Amino acid sequence: MLTIREVSHFFGRRPALRRISCEVSSGQMVALVGRNGGGKTTLLRAVAGLTRPSEGRIEWRGIEMARISARVRARQVAYVAQNPGLSIDLSVREMVSLGAATRRREGGLDGLVQKVIEEIGLGALHDRPYHELSAGERQRCVVARALAQHEARGLLALDEPLSNLDPGETMRVVGILKARARDGALVVLAMHDLPLVDKVADQVLWLEGGELVANGTPASVFTPERLAQTFHCDFVRGPQGLSLGR
Amino acid sequence: MLTIREVSHFFGRRPALRRISCEVSSGQMVALVGRNGGGKTTLLRAVAGLTRPSEGRIEWRGIEMARISARVRARQVAYVAQNPGLSIDLSVREMVSLGAATRRREGGLDGLVQKVIEEIGLGALHDRPYHELSAGERQRCVVARALAQHEARGLLALDEPLSNLDPGETMRVVGILKARARDGALVVLAMHDLPLVDKVADQVLWLEGGELVANGTPASVFTPERLAQTFHCDFVRGPQGLSLGR
Amino acid sequence: MNGRRALAIAGLAALLLVGCAARLLVGHAGPDGALTFGLPSETIAPLRVGAIASAAAAGMCLGLSGLLLQALLRNPLAAPFILGLSAGAGLATTIAAWFSGAIAAIGLAWLANSLAGTVGALAVLAIVAALGRRSGVLDPLTLILAGTVISTICGALTLLVQSLMPPSTRGDSWTWFMGQVPEIPDWPLVWVAVALVALCAVVATRLGDELDAASTTDDEATSLGVSLGRLRIVLFTGAGALAAASVALCGPIAFVGFVAPHLARGLMGSRHGALAVASPLAGAAILVWADALRQGIDFGAGRLPIGVLTALLGGPVFLSIMRRSRVRTGGWSC
Amino acid sequence: MNGRRALAIAGLAALLLVGCAARLLVGHAGPDGALTFGLPSETIAPLRVGAIASAAAAGMCLGLSGLLLQALLRNPLAAPFILGLSAGAGLATTIAAWFSGAIAAIGLAWLANSLAGTVGALAVLAIVAALGRRSGVLDPLTLILAGTVISTICGALTLLVQSLMPPSTRGDSWTWFMGQVPEIPDWPLVWVAVALVALCAVVATRLGDELDAASTTDDEATSLGVSLGRLRIVLFTGAGALAAASVALCGPIAFVGFVAPHLARGLMGSRHGALAVASPLAGAAILVWADALRQGIDFGAGRLPIGVLTALLGGPVFLSIMRRSRVRTGGWSC
Amino acid sequence: ESSTPDRHGTARTEQAPGGTRIASLSPGITATVVALGAQERLVGRTPWCQVPREVVVVGSLLDLDAERLVEARPSVVLVQPAVQGMPDSLRQLATDRGWRLEEFHLDSLSDVRAMVVALPSALCEGESDGELAQYEESSLRLLAAFDRALAPIEPASKLGRTLILLTSTESSDPLAFGTGTYLADALAAYTVENALRREGYPALSWESIVAIAPDTVVLLGRHADGASERLLRLVPSARRVPVDAPSLLQPGGGMIEGLSSLRAALVKAAQ
C-alpha cells in the first residue's frame, strides 16, 4: 500500500513534480508513463526512498518512506536505476548477490541468487564480469539484483527496466514482474512502450510536466485524443490492443 | 556504400561476430535487430571504425573504415553509443557543439547547433548542464550531437538511439533519421522495437549469436516463424503492420 | 569466498610469515656489523621481534587504510595520506618537539612522541571531514579537494617550523619523513594498532557487501540498504585512525597504502569482504620484507631508510603483477 | 567564449597583474630589513622583476600542466607531479649535486643546475610513458599506477643518494625540495618556459574541443574525431614538459598545479578551450601573490619558502571558492 | 675483553682494557672525539660521520639501527638532540643496557667549547687517570687551537659590516648567520661587525642582501661561486670572501681547520 500525498519536488527553483497525490495497492503492476522529462524518474526515486520530496509525503504501509532506515527499506523496496553503474570489477553472480545480501539473515542465498540468475536468463553468463556484458545483459543483471533483493509483498520500483531488452527478454522480464505482482508485490515501473503498458499494467499513472494528468486503468487513461495530443502520433486500438498506426 | 566482408570479432577467445558479410547502400535506413548479446553493438562499433574487427574488413566508400584517420572519419561517420558518458560539466549546447566541432572549417556552426537542438526538441533546455537532464533528454542530446556532426551523405551509426525516448520523441527522432536517409545518408541503427522497425526500416540485418541469420526487407525478415522461434512471443501482422499479439 | 580468493589470502599470509622469519634470522650479529644468518642471541631477538611487530602492524594499518579510502573515494589514486593524515601527524610531531622542553617541564614528555602524531592526524581528520561535506554527506570529490588542500597546508606549516631550525640539524630531521621501523616500538601502540586493524578488518569484512554495493552509483547503493552517509563516516574514521596509527608507529611510509590494495585486487578481484583481509596482509608483507631486505643492503651508510626499500622493492613487484594480471580493475573510472 | 568565461579570464589576468604590481612595490629596501612599499631602486628593480618573471612563468607552467593532466587522466586528483616528474627532477638534481665537483671540473657546471632537473624529468616521463600503455595506447589507470610507482622509486633513490652524500652537501640540498622563486633567474629558461606555456596554451586552446570530447567515453571521443592515442601523447608530453620547466625554474611546488585547474573550473566551467588560458593565469596569479605576500611575512627565519605560502594562501582561497561555486565539476567520476 | 675473533677467525684488537666504548650520533661530536685522539674508542657512528670508515654505522638519531647499536656494545652514547627531541627508544635502550647518554647542544661557539671541555671526562669515566689526563691535555690543546683560530683580526674595521652567507642551491635563498650562531660568535671573536642584526639562520632574499649593503660577504657552501658573481653585480662595493671549508658547517672539534681558513681569508681581505 503506497500513498503519495501532495508530493512536489524542486531542482533548485525548477519544479519536477507538482502536488502529486495518489494511492496504489499491492499486488498490482503500476506503470508510470508520460513524456520525457515528465518526472517519472523523480517520482520513482522518491517512491523508492532515495530522495525526500521537497514537499508532501510518500507513505509505504503507513510509514513515511524517506524516514525508514536504508537497511530496513532495502529489504522491502528494491530499485532499478535508469543509469546503473559499477566502479569496480564484479561478476554477474557477485552483482546479483549484492541484492541478496540485504536479506543475509535468511540464509540459503546462494540458491536464491542462482535461481534469479536462471530465471532472468543469465545462467550461462553467471561468471562474466559485469563490464563485459552487452547492454541488454547488463540491464537484466541489474533487474536480477532487484529481484534477489525483493521480498514477497514488497515494493519493486523499476525505472525503465525494459530498455535495451530484446522483445523476447522484454516479455520474459514483464512475465517475471507480473508474477511477482500476482504474488502480492507492488510493482511500479516507468516505461515508454504504451502498447505493452496497455497489455500488462493494472494501473497507469501519467505524468506530464510534473503533474499527474491521468490515473486509472490503461483503457481509461490511453484515450486516443490524449495519446494523439501528447505524442503527435496515431495510436489505434485494434483487436491486438493498442498499437501504433501507419 | 558500406561493405562488410567476412567480419569476425573475438573478445579473448569468445566470438561475438562470426564471418558476417553484407552490403548496405546510402540513402537507406538499416536496422540491426536480434537478441540481446547478438553482436549488434560489436558490429556497430566496427562499422563506426571504433574497433578493427579481429578478422575481415569493413569498407566505407571502398576504404577500410578502421584505417581512416579519426578526424577524417568523424566528418563522415557519426556514432551514438549505447552507454554515453561525460566526466566534466557541459551544457546541452556545449555537448552538441562537440559534434559540430568536427566540421569547424565550415563556419556558421552556432547556427547549425541551434538548428539541431531545436530540431530534436531541446530548445528550451539548451543551457542546462547535461548532468541535470532526464534520461530521455540526455539520449536526445547525444543524438543531436551526432546530427550536428553528421554531414549529408555520411554514415550515421546509432546504437539504440530510441531507448528511453517517449513515443512522441521516438517518432520525432525516427522522422529526423528518415529524412537524413532520404537526403542520401546511410543510417544504421540497432533497435529492439520490431513493429517500428517494420514500419520505418528499408533493410533489416538480423544478428543471432554473432551470425547474420537474415538480411532483407522487414517484411521478408520478420516472418512469424522466425519471430516466434526467437522471441517466444506472438507477433502478428495486422492492418497496422507488425504488432505484438495478446 | 571462492578458491582464488582463499588461495591469494593464503599466499599473502605465507609471504608475510616467510618475511617475518627472514627478518628474524637476518642481521648483523657480529661486532663488525657483518651480515649474519641464524637465530639471534637473547639480546638481539627482542629487537628483531620489535621490528617485525612494528613493520607488520604499520603495514597492516596502511594496507587496510588504503583499501578503505579507495572505496570511500571511488578513486584508484586514493592513498592513506591523501586526507592529510601524515602531514597532520608530521606537523603535530614537529610542533610537539618544538615545545618539547616546555612539555617535558610539565611532566608530559610522552606527548612529544607518538601521541602528538596521533592527535595531529585525528585533528586533521576532523577538519577534513568538516570541509568534505556536501549537503550534509561526505562527498568524495569534496573530500579529495579538502584533503589535498589541508594536507598541503600542514606540510607547509611543517616546513615553516623546520625552516626555523639550525641548518646543521635540518638534514637529520628530514629522516623522520622517510619513515622508520623502530626496533624498540612503543608496545602499547603496537597493540593499539593491531587491535585497530583487527577491528577495522572485521568491520570491513562484515561491511564487505555494503562496500561492494557502494561501488555502484549512490542511488543504487542506497537502495541496496547502504546508508552512504554513515558508511562514509565509518570508512573515513577507520581509514583515518589506521593511517594515524601507522604514522605514530613508523612515520610516513605512504607508498604501501597505495600499492597494497591494488596488489590485493590484482591477485584476487574486487570483493571488499576478502580484500579487507588481503590488503592488510599485502601491506604487512611488503613492509616486513622491505625491512628484512634492508638489513642485508649496505652501501656504506648503514641500513637504508625503510621508505627507500618499500619503493625499490614494492614498486617493481607491483608493476609486474599489475601488468600480468591485466589490471582487473574494470570500472575504475578514469 | 561566453561572457562568464571572458569575465573569469579578465578577472584572473587582473589578479595576476595586481599581484605583479604588489610584488614590484613591496620589499625590504631599507637597510634595517623593514618592510617598504614603493617603487624600487635601480638595483632592486631587476631583482623584483626577476622574481615576478620566475613566479609567473612557473605558475603558468604548473597551472597548464595540471589542467592537461586532469584531462589526460580524467581524474580530479591528478597533478603535475603524479607522473613522477618532480621526483625525477629531484633525483637528477641530487645526483648532479653529488657529482657537482666532478662536473664542474670538466667545465659543465651548468649541468648541475636546471638542466639536470629537466633531463631527469624528461627521462622519467619517457619511462612512465613506456609503462603506462595498454594495447599500445596510453591508458589513464595504467599511467596513474606507473606514474605513482616511478615517482616513489625516484623519491627513494633520491633519499638513497642523499644518505650517501657528505653531510655538508646533504643538509642543504633539501632546500631544493621546498621550491624557490629565484630573483635572478636563468633568463633563457624563463623564456623557454614562457614559450612552452604559449605553445601549449595555443595547442590546448585549439584542441579545446577535442579535450572536451575526450571527457566523454573513449568510444564517443574517437567517433568525434579525437585520436585518443595521439591526443594522450600530446597531453602527456605537454604536461610533462611544462612540469619539467616549472621544476627547472622553481623546484617542486606541487600544490599550484593541482589547485589552479580546479579554481579555473570553479570560476568558469569546464570548457577546455577557455580553461587553457584561465588555468595558467590562475597558476601564475597564485604563485606571484604568494611570492609578494611572503615578502612581508617573517617569523624569524627570513622569507618563508614559497611552498609554504602557496599552501597557506592558495589553500583557503581555493576552498572558499570551491564551496561557493558548489563545485561545478559535475561528472568527475568519484 | 681485549680482543674478539671476527668472522674470519683472526683476532682484532679493540681499545684498551676497560676503556669506554663510544657511539656518537652526531657528525660534529664524532669529529671532536677524533680531534681529541679518542678515535679508537669509537664503536658506532652515523652515516654522515666522515671518519673513521671502519666504525659501524648505527643509524642516526631519528632513524636508529638499534640492533647494530646493541651489537656495538657502547658504554657511552653521544648525541646532539634534534628539534624533535630525543627518541624514547634511545633513552630506554640506554637505561636498559646501562649506557651513559650524553647530550650536547651545538648552537653557539660556547656550546662547542663546552663540549670540548666536557668530552674527556665523558669519554673515560671511572678510568685510570692516565687516559683522562691525555684527553684533557688534547682538549686544552684543542681549546688553544680554537683561541688561535678565533684571535681578533687587525684591522677588523677595514672589513666593515660583514655578512656570512651559506648558499645551498643555485636559486634558493641563501641562509645568513645571525646572532647566537657559532659563526656569528666567530665574527665577534674576530672583532668584526656582523652586518646581520637578527637571530638564527634567516633565509635572505637577494633584495634584502642588497638592502643590508654589507661591506664584506663571506660565502660558504657549494654554490659560493655563483653567489659571488651575483654579489659582484648587485653590491659591487662588497668585498667577497669565498671560503671553501665544509667543516664550518659542522659545529664541533672538527671545525678548527675551517675556522683557520675563515680567519686567514678575512685577514687577507682586511689587508
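Order of writing sets the labels: A, B, C, D and E. Residues in every chain begin at 1.
Operating definition for what follows: a contact is a pair of C-beta atoms (placed from the backbone, for glycine too) under 8 Å apart; a residue touches a chain by one contact, two chains touch by 3 or more.
Worth saying up front: this structure is predicted, and the values here are computed from it rather than measured.
> Check every other chain and keep only those touching both chain C and chain E; list them.
D
> Taking CA centroids for every chain, report which one is farthest away from chain A.
Centroid comparison gives E as the farthest chain from chain A.
> Which one of the chains is farthest from chain C, going by Cα centres?
Relative to chain C, the chain with the farthest C-alpha centre is B.
> What rotation angle, rounded to the nearest 5 degrees, superposes the C-alpha atoms of chain C onto those of its identical copy chain D?
Going from chain C to chain D via C-alpha fit gives 180 degrees.
> So, what's the distance in Å between the C-alpha centres of chain E and chain B?
From the centre of chain B to the centre of chain E is 78 Å.
> What is the distance, in whole Å, between the centres of chain A and chain C, each centre taken as the mean of its C-alpha atoms?
44
> Nearest whole angstrom, what separates the Cα centre of chain C from the Cα centre of chain D?
Result: the chain centres lie 28 Å from each other.
> Can you list the residues of chain B that touch 2 or more other chains?
Only 83, 87 qualify.
> Provide the list of chain D residues touching at least two other chains, using ranges where the numbers run on.
Only 74, 163-164, 167, 170-172, 178, 300-302, 305, 329, 332-333 qualify.
> In chain E, what residues contact two or more other chains?
As it turns out, chain E has residues touching two or more other chains at 47-48, 166, 175, 200-201, 203, 249-250.
> Judged by the touch rule stated earlier, which pairs of chains are there in contact?
Those chain pairs which touch are A-B, A-C, B-D, C-D, C-E, D-E.
> Given the complex with chain D, which residues does chain C contribute to the contact?
Touching chain D: residues 73-78, 82, 131, 134, 140-142, 144-146, 148-150, 152-153, 155-157, 159-160, 163-164, 167-168, 170-171, 174, 178, 254-255, 258-259, 262, 299-302, 304-305, 307-312, 315-316, 318-319, 322, 326-327, 329, 332-334 of chain C.
> Tell me, which parts of chain B touch chain A in their complex?
Touching chain A: residues 11, 33-38, 41, 82-83, 132-137, 140, 159-160, 163-172, 192-196, 199, 227, 230-233, 235-236, 238-241, 243-246 of chain B.
> Given the complex with chain E, which residues does chain C contribute to the contact?
27-34, 36, 43-44, 47-48, 50-51, 93-94, 97-98, 100, 110, 112-113, 161-169, 171-173, 175-176, 178, 180, 182-186, 298, 300-303, 305
> If we count contacts the way the header does, which residues on chain B are in touch with chain D in the complex?
Contacts found on chain B: 45, 48-50, 69-71, 73-75, 77-79, 81, 83-90, 94, 97-99, 101-102, 104, 129-131, 142, 145, 149.
> Per the contact definition, I'd like the list of chain C residues that touch chain A in the complex.
For this pair, the touching residues of chain C are 74, 209-210, 212-213, 215-217, 219-220, 222-228, 265, 269-271, 328-333.
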